[in-house]
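What follows is a pair of complexes built around chain A, which joins chain B in one and chain C in the other.
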Partner chain A sequence: MNFAQLLNGVAFGSLLMILSSGLAMIYGLRGVTNFAHGALYMAGAYLAYSVSTNFSFWLALIVAPLALAVLGAVLELVFFRRLEHRSHIEVGLVTFGIALVLERVIVLIWGERTLAVSAPGGLGGTTSVFGVAYPTYRLLIIAVAVVLAAALVWWLRGTRLGLHIRAASRDGETSAILGIDSDRVSLVVVCVGAALAGLAGALAAPYVSVDPGMGVSILINVLIVVVIGGAGSIAGAMIAGMALGIVQTLGAVLLPSLSVLVPYIALVAVLLWRPAGLAGKGVAR
Partner chain B sequence: MRNKVVPALAALVLGSTLAACGTPGSSSSGAAAETIKIAIIPPSSGALAQFGSDSAKGWQYAVDEVNAKGGIDGRKVELIKKDTDATSATTLRAAREAVTQDGAAFIGGVMTSTENGALNQQLAGLNALSFNSLGKDDALTGKDCTGNAFRTVQTNLMDVNALAASLKTLPGDKWAIQAVDYSTGHSAAAVFTQAAKAAGKQVVLEQYAPLNTTEFGSYISKLSSSDADALFAVEYGADGVAFVNQAAQFNLPAKFESVLGFNMVSEPLFPALGDKIVGFYNNVGYDIAANNALNTAFVQGYTQKFGSKPYYVVADAYLAAETLFAGIRKAGSADPAKVRDALNNLTFDSIAGQVTMRAGDHQLVRPSYLGQVVKDGSGLAFKIIASADGAQTTPQADPACKL
Partner chain C sequence: MNSVATPAPVVEHLPPAEPVGLTRRLALRGTVLALVIAVAGFAVPYLVPDKYTMGLLLDGIILALLALGIGFLARHLGLISLGHTAFFGGAAYALAIATQQWGWGMVPAAVFGFAVGTMLALLMGLLVVRASGMGFLMLTLALGQALYQLCVQTVARPYTGAYDGLQVANEGTFFGMGSATVMNAALFWPVVWVVLVVAALVLWWLGRARFGVVLEGIRENEERMRFSGYNTFRPRLYAFVVSGAVAALGGVLFALNAAYVSPDLLSFTKAGDSLIAAIVGGLGSLAGPVLGALVYIYAQATFNSSGNLHLYTGIALVLVLVFLPGGLTGGLGRLARRLRKKVRR
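== the complex of A and B ==
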């Protein structure tokens, strides 16, 4: 085990962290397990592929989250708001259907072929970190995740809108009585959650390959992260995402034959030990 | 539970038996216009989807071509396309449906060795023949061989033996192996290790990543810190692209004197991988420049029709169709049993030159190549640097195979 392996874990953890914080936000407020989150991430990656091929990767980092925020608005206005009073499992199934449709549409537009996005100019090589030559692009992902985590915490803890989001997540009815516009709060949260998925996808494009299976393969990890973190807890999801990234990567080094099982073992262990998840806020929100 | 399973099984067995009785009966009853039905079951989702749809194109091209010439002995050929997610359960279900409901007697386009292994065991019951142009696991024509299964693509052993013949000349003495964690990866690694020893080289690291791995960081860091000076890599499709791209970001290839891929880099991935793979070695199953009239016509016709040149997945599917058609012509019938007998030791001209379907294990004996990725105009191409005859890479049928 060495420092490079730890960085590998942190880089993968950073990706899971960005992706799962969006999912946790939507779950916290809407109570919806958004199975379309993997497909949103995938859409972000494919958009990043097109934008970075034709313009620049940096533009893709802006365009993908914006486009996904618009898609998020559609999800909220067309599905989540209308299905607000239906059981969570029904809405969950609807998002599963949306995921299938979205993935198919992506394949129809971009094809089944695996695509690769080059790291932006100057970040393609390696940088020495404490004597270890490590890919510069992965360091960028880690940096973005750190900045984003700080920004999200500030947004939720330090702004008026953040206060409203926390209040509505804790108790939607009471917060509505107190004058919080829950429709507006929901719209913002779903847009931001989808935009985070788009950002994660764009960041992932030069990191992992862009292919039709990418959404499904990461979704399971992210769902596990959200459950481990404490359903609906954003801070919990961030910590759990980082922890799972590190544990899974180190697991692949130390116990290669068992590495595939690591997320599931972690899931079972956490559910037995702390059923409400690491953040322990409780399923009742 | 049992009460439900038994009638279901009975219905299934009855269904397949009826179809088995029905299909050959109706074809032997004589009408020359009887259509020959071929089911292809390539994966339509997941990491292997692209190879699946390309394989389907190869079959489609062959069928269109033979139909344009009036069919086989006057019989039209029809392709029935089924979807699978490359799991054995789905593929078997699709195969049963194709044979019992759609009346197909021949099956192709099944991708992985695991699926082919599962299918092979069902073929006798279904009274169908399978033409495997994709699964390269040796056991399929070894201990798991069955009489109704034919393989037209090279086995791992054939390809690795072809690489082994030139391994001595490849730079690097201490090899690391990075392979996909399923049957093809393990058997390729085993054969390579043996070949490396024979060539006086060492294998210093051997590691496996699960299929659909997207994050290779931990594997690459291990390769970087090993004392290997050459790499043998068996990663396909999306996994292969992720591995090669991430390895480049770690500057890994610079550490090695040779990077030898097994089914890792291929023509459809050239645009995605770009210049970072120039100099990589890889096995090449199909030589697009093979100098024979059938191949020239195939390359020209296919390129004209689809706008891109054929590569091994397409060409191997086409070769599987050529093999089936040759068998039907020789048998003068589309009865699976007669076609099977006709194919034994049948030698015919194909896009890969003169090839023979070996009776002992139903493996098509054809050449394998070692290629190196070179720049070709604005893109990339394989330069064939060594070739090995089928008779040389597998001199005889696998003794483990009892047909």
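== the complex of A and C ==
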């Protein structure tokens, strides 16, 4: 184990952190696990491929989140809002169906083969970090995640809209009585959550392989992160995402044969120790 | 958001089951009906002359066992599981390993496979039945996928064959049937059919008995049941194990018939597919998951070559959930009631 591997863990953890904070936000507000989150991430990566091959990767980092925010608005307006009175689990299953459709549509547009996205100019090489040569692009992922985490915390803690989001997540009915426009809050949250998934996908495109299985494989990790972090807790999801990324990557070095089991073992251990998750109001809701 | 009430059950749109206990007369009637259905089913291989359709039908009723298990939990506890593939696939793998690695005959291997599938259900149940709603869904998914990952690991290759899967060495006989017989859809059909009908009868019986009423009480309001002095953990665990055991039966029969097991059996896709089959068929009745499984297998045979199967199953899932809660059987039931009303007028 060396320093570069630790950084790899942090880079992977950064992706999980961005993805799971969006999922946790939607879960906190809507009570719905968005099974389409993996498909949104996948859409972000494929969009990034098209934009970066035709224009530039930097543009992709803007276009993918914006496009996904629009998709998020569609999700909210067509499904979440119309199915508000249904049980959460039914809406969750609807997102499961949407994920299947979206993943297939992506494959129909871009094809089955694995696509390669190259790191943007100037970031293809390595940078020396404490004397260790490390791929510069992965440092960018880490930097973006850190900035994003700080921005999210500021947004939720320091702004009026953030206050409304927190209030609506805690108790939607009471906050609606107090005059918070829950429809607007919910639209913003789902759009931001989807945009974060798109950004994670675009960031991941040069780092992992862009292939039709990428959505499903990360979805399970992200779901585990959200449960471990405490369903609905954004801070919990961020910490759990980072921790899982590091543990899983280091586990791959130390115990190569069993590292894929690390998330599951962590899940069971955390649930036996703290059934509500690390920072949670409880998964048993 | 923060209310103490348990989440609304997934079957809230369906008329609640009549809260009658299992009277002797009702039990007798149900058993006779099951007998009639079982006997009538024996005619199927004679009515379906072509091998291809027969194979599809058999695949359909094997998948139906898995869907039936999932449907039982959903109907009586409002719990949606994405982990039942672990019991289906786990049982199939246990059978394959017993025949292939240890040279067991078909019958002991089948018993072993069923036992392993049921044990897995017990282990998973201990960890998950306290959760409900979304938490339950995510936990069953995660634990089911843990088994998948374990199965495809390089360390597990000597036992499970990892991604290559494993042949089932069908040695000896299965209640008088040789390996060629169990692999023939028409000849194996009566066995699977009887198992399916018996499993459905047992589930019906459990659902109608006091046990089922307690389960429904827990589904409606777990907290109130606890206040009323009921232990709510054990009934949930038993229900989970029973539904897992039904899925395990399906896995055993699948492995015997296909004579080959692959990690696909444990995959996320399989978990989603079986759940979709159960939901599209309808979670409100025993017939729903069976119908759903048959429709699913038909759709699979039709659309798989184009690769668009999941496009259509995804659309079907969304449409059924949004417009036809209660699934196909629920919709047919409503239609039948409306027609009957018109006829009476």
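For the reader, a short list of remarks on this structure follows.
Assume the second predicted complex is superposed on the first by the 279 of 285 C-alpha atoms of A that agree within 3 Å, B and C clash if a C-alpha of one lies under 4 Å from a C-alpha of the other, contacts with A are read in each partner's own complex, and residues count from 1 in each chain.
Definition applied: a contact is a pair of C-beta atoms (placed from the backbone, for glycine too) under 8 Å apart; a residue touches a chain by one contact, two chains touch by 3 or more.
Here the structure is a predicted model, which means the values were calculated and not measured.
Look at A:Gly92: by the touch rule set out above, it reaches chain C but stays clear of chain B. After superposition on the shared chain, chain A has more residues touched by C, the comparison being chain B against chain C. Looking at the shared chain after the overlay, A:Val260 reaches both chain B and chain C. Contacts of A:Ala133 after superposition on the shared chain: chain B is touched, whereas chain C is not. In the superposition on chain A, A:Asp171 contacts chain C only, with no contact to chain B.
Applying the stated contact rule after C-alpha superposition, one finds that A:Thr33 touches chain C and leaves chain B untouched. By the touch criterion defined above, A:Ala116 lies against chain B but remains apart from chain C after alignment on the C-alpha atoms of chain A. In the superposition on chain A, no contact is made by A:Thr159 with either chain B or chain C.
Contacts of A:Leu83 after superposition on the shared chain: chain C is touched, whereas chain B is not. Shared-chain residue A:Thr53: touches no atom of chain B or chain C. Overlap of the chain B and chain C interfaces on chain A: residues 107, 112, 260. Contacts from chain B toward chain A in the complex involve residues 45-47, 49-50, 53, 207-210, 212, 214-215, 217-219, 221-222, 224-225, 237-239, 241-242, 245-246, 248-251, 268-269, 272-274.
Listing the residues of chain C that touch chain A in their complex gives 1-2, 7-10, 12, 78, 80, 127, 130-135, 137-139, 141-143, 145-146, 149-150, 153-155, 268-269, 272, 275-276, 279, 307-308, 310-311, 313-318, 321-322, 325.
On the chain A side of its complex with chain B, the touching residues are 2, 4-5, 7-9, 11-12, 107, 111-116, 118-119, 124-126, 133-138, 206-209, 211-214, 217-218, 249-250, 252-253, 256, 259-260.
Interface residues of chain A facing chain C in the complex, by the touch rule stated above, are 27, 31-33, 79, 82-83, 86-90, 92-94, 96-101, 103-105, 107-108, 112, 168-173, 216, 220, 223-224, 226-227, 231, 257-258, 260-261, 263-265, 267-268, 271-272, 275, 281-285.
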